[in-house]
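Chain nomenclature is as follows: A, B, C and D, assigned in order of appearance, with residue numbering initiated at 1 for each chain independently.
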């Protein structure tokens, strides 16, 4: 169930350039079950910023009643969030949306997890779930440069991990697709989250041959499906009035379900 | 000179119901010389609240480079200010305006200091200056009720002190004027700060017989004399276009100088 | 004692708080968060004769104490609204105000005729003020003659009272209000959004795909208050006020200005529980201010003769 | 390399940043805080033929990300402005834009004829948009025919270029802009304040003694941006933009919309050093965005053919 809670900051730290890892505790964690869902966060106290910020859940720890997010402090809201101190409270609405279903991958098979920049975080909880299910995981994670790379070791602990950077300052120079192109084709399922051009490239290359699941981003109002801010056309009616809402039908869709 | 400085919070505490005493340190203190001047404070970081809040200087400590304010947390801005924690910084513009001139009182004579509610704070620095100059001080301080009384002991340490409360829960029941009416008429000068009806009553009763100085309040924009938000008519041209600005010509005026 | 019940044409409200059109869909999603029965009424999303997808995304952008939206009247169309959306709301004992829109007068008439027959639709809200569609919408809302015409046409077919939603993007709001009153409007709802815009620092292009959008939220509250103050003194029909309401205090300010009920829009995004919270806080605030009933607040800013039985503030 | 110099009719600006009229008096007070020579220009407080006291207090109220003012054109009158205020500004190498106001066309003409002779007055700003006075002001600014007439009358006597200040409180801002352009305006300044209002919780009465006031500050920025975007595509005279500018980023956004220079109003109250700060930050920001000169930003949102010699963003 979707709940609204003032959750306590257990820890917040900058883990890469402008990239923060934030762990919150509260009863809302008991509602979190699926990797790839997100929360909608009020980053300030007054009317500015007025809108909440959607941030993916990157790890769920039911035992300690905590969950973790990783986000980039970029604009006004995420900057404010990054200034929040331990033991203060953050207003969280969630969990929201439909995430990844790890169960579509079968034990013993291999899944490819592809993340770009701040699309990487939700893949972490997903990868943990997949390995627990006995699925073999390969991670291909793309970043701008060495300074913004995060979670490399954490992903490596779960499976094979390739890093790309646009400027080549760490890992392979180029985009995630440059690595995927030369990977052995052993995986059956692809899970991806990142910039739309990346998702489009994966969709067009692998939609026919693999099971592909993509997590989308869109500017949001309500985050719960009521305001129609975040809609996209469905693939079978690309110029008509059929639609899906990224916030409540997604953010994860099967490749080919919606128009990217 | 007027300066703008991010000043450090040395201490902040609630000293009566919703009444906070806030001490800040910084080099701006070296510009503070006159009791009754005020500072203009940015109480939040964003654009809300947009305007600064005028608060009187209630004590100046040049040795420690600190000054103190006493304010009531009432609306949005002062509430935010009251939440600020030690060692964080507050954006202060000041010192502003023309305050009280203790030197108008002569050593050995008696001055009457009359304060109402949040008009009491500036009288504290004034009273210290007067006693240092050898002037005898009598304080008459009015409050709503016992819970909102503050600085009683501090004033008592400087001179004779009478407290009134509207509901009679502490000191004399009624208004400051009820006490003044029965005081011996030994004082030569009156310094007052408080609600306009109180200032009006003092002006009409004592303008002719005493030296009376009144500190006014008005809603402000700039606080430095540029926006014309805080003007009042002068007494000699009450419906014409002669004016004084409370922020830069005042807030302290001689009784009879401006229309209350 | 009920301090909040309000009677308006067609509307028997337990309290004067209702979600604003377009900010609450057709109630389904918020119905998962709390019991909709507590609401005074629900203003549902605009309905047009045919289904509409609306504008391309991005459809929202943030501004200081406000937001811009350019949804573009996305809705499943009259048939689906009548078949799926409105019946689902039947389970709640809450009057529905159906927001209707279109590109031409006939569209308004078509939707009004049909939708006003639905049993839980107790009033229509004529949206002649949507700034985010190319045809219809705001063009009807800025010309008093056209506004009056569409009001008359809808009144002729509607089986329930008709409230006309005014646009703030006009030189003379009183003239617009009087025109629709003359056209037979039973009430007014105001204000819709102010037309605004934002550009992206890096590209220099508008953030919204539709370029311009409608500004809502606390930023516009002073404009809404001023317009309601002006209009409420110049017409004899009640006003449902909206524009930046976030708190119970804001509600009272709208009543002082001249509103008889209010709608809450953007605030539902900041705090999805804002409507229940306001409904809970209002009686406490009213008591603190010395009122016995919220209706005592209506028009208090200009009504010198208003009697307040028990006013202590 | 100077990245900020801008030439406009009558105005040779070292940079396009100037304090907005009414928010800077006649420069005296801010002159105590920093060296006014760094400013692009100064828009001084409105001058009327006779001295004016303005409205009763309270004259300001705060709103979410904004403020309301109802100063009411207080000023010492034409004679005193020419004798005391303008000469004092002679010590600075900064062009003065004289904001002129009045109750009737003759008032504008009187002030324009005299004040345009003062040597440091390089342009006039015709204030036909003040919402806070009973006569004149905004009435001139909401009717295109009247606006054109007063523009023509002032142009006939002014010895310096005339900029007309537009009110946002209109249905059709483009029509207003085109009318004053046809009347001979050399440039536009926009926007003046939006009419707004606030009530006191306890008394139920308006906070401002004048009841209504003009809304300024970041709250109105999206409206200003939208209007400049519309107008800049429809006229051939330059626009000095204003309305909620607080930062260097905001300045760029106004340029993208179509402004050629900007004025900073309310922000001077929040941060009296805001103008020097913005002037210092602009070149850094421009470089970061890949521009060589701020003029490259003007109209970038709509000008598909704009050439940006060195754009890397």
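Heads up, the rule we're going with is that a contact is a pair of C-beta atoms (placed from the backbone, for glycine too) under 8 Å apart; a residue touches a chain by one contact, two chains touch by 3 or more.
Just so it is clear, the structure is predicted and the values come from calculations on it, not from any experiment.
Using mean Cα coordinates as chain centres, the one most removed from subunit D is A. The distance from the centre of subunit A to the centre of subunit D, each centre being the mean of the chain's C-alpha atoms, comes to 46 Å. Look at where the CA atoms of subunit A average out and do the same for subunit B: the two points lie 55 Å apart.
Once the centre of each chain is set as its mean CA position, subunit A and subunit C turn out to be 36 Å apart.
Measuring from the averaged C-alpha position of subunit C to that of subunit D gives a distance of 34 Å.
Across the assembly, subunit C contributes residues 63-66, 217-218 that each touch 2 or more other chains.
Among the residues of subunit A, those touching two or more other chains are numbered 47-48.
In terms of which chains touch, the assembly is arranged so that all chains touch all other chains. Partner subunit A is touched in their complex by these residues of subunit C: 22-25, 28-30, 32-33, 45, 51-54, 57-67, 69, 71, 74, 76-77, 217-218, 246, 266, 268-273.
Listing the residues of subunit D that touch subunit A in their complex gives 64-65. Across the complex, subunit B meets subunit C through its residues 47-48. Residues of subunit A that touch subunit C in their complex: 1-2, 4, 42, 47-52, 93, 218-233, 240-241, 243, 248. Listed in rising order, the residues of subunit C touching subunit D in the complex are 63-66, 68, 142, 169-172, 194-199, 201-206, 211-212, 215, 217-223, 225-226, 229, 244, 249, 252-253, 256-257, 289, 297, 300-301, 313.
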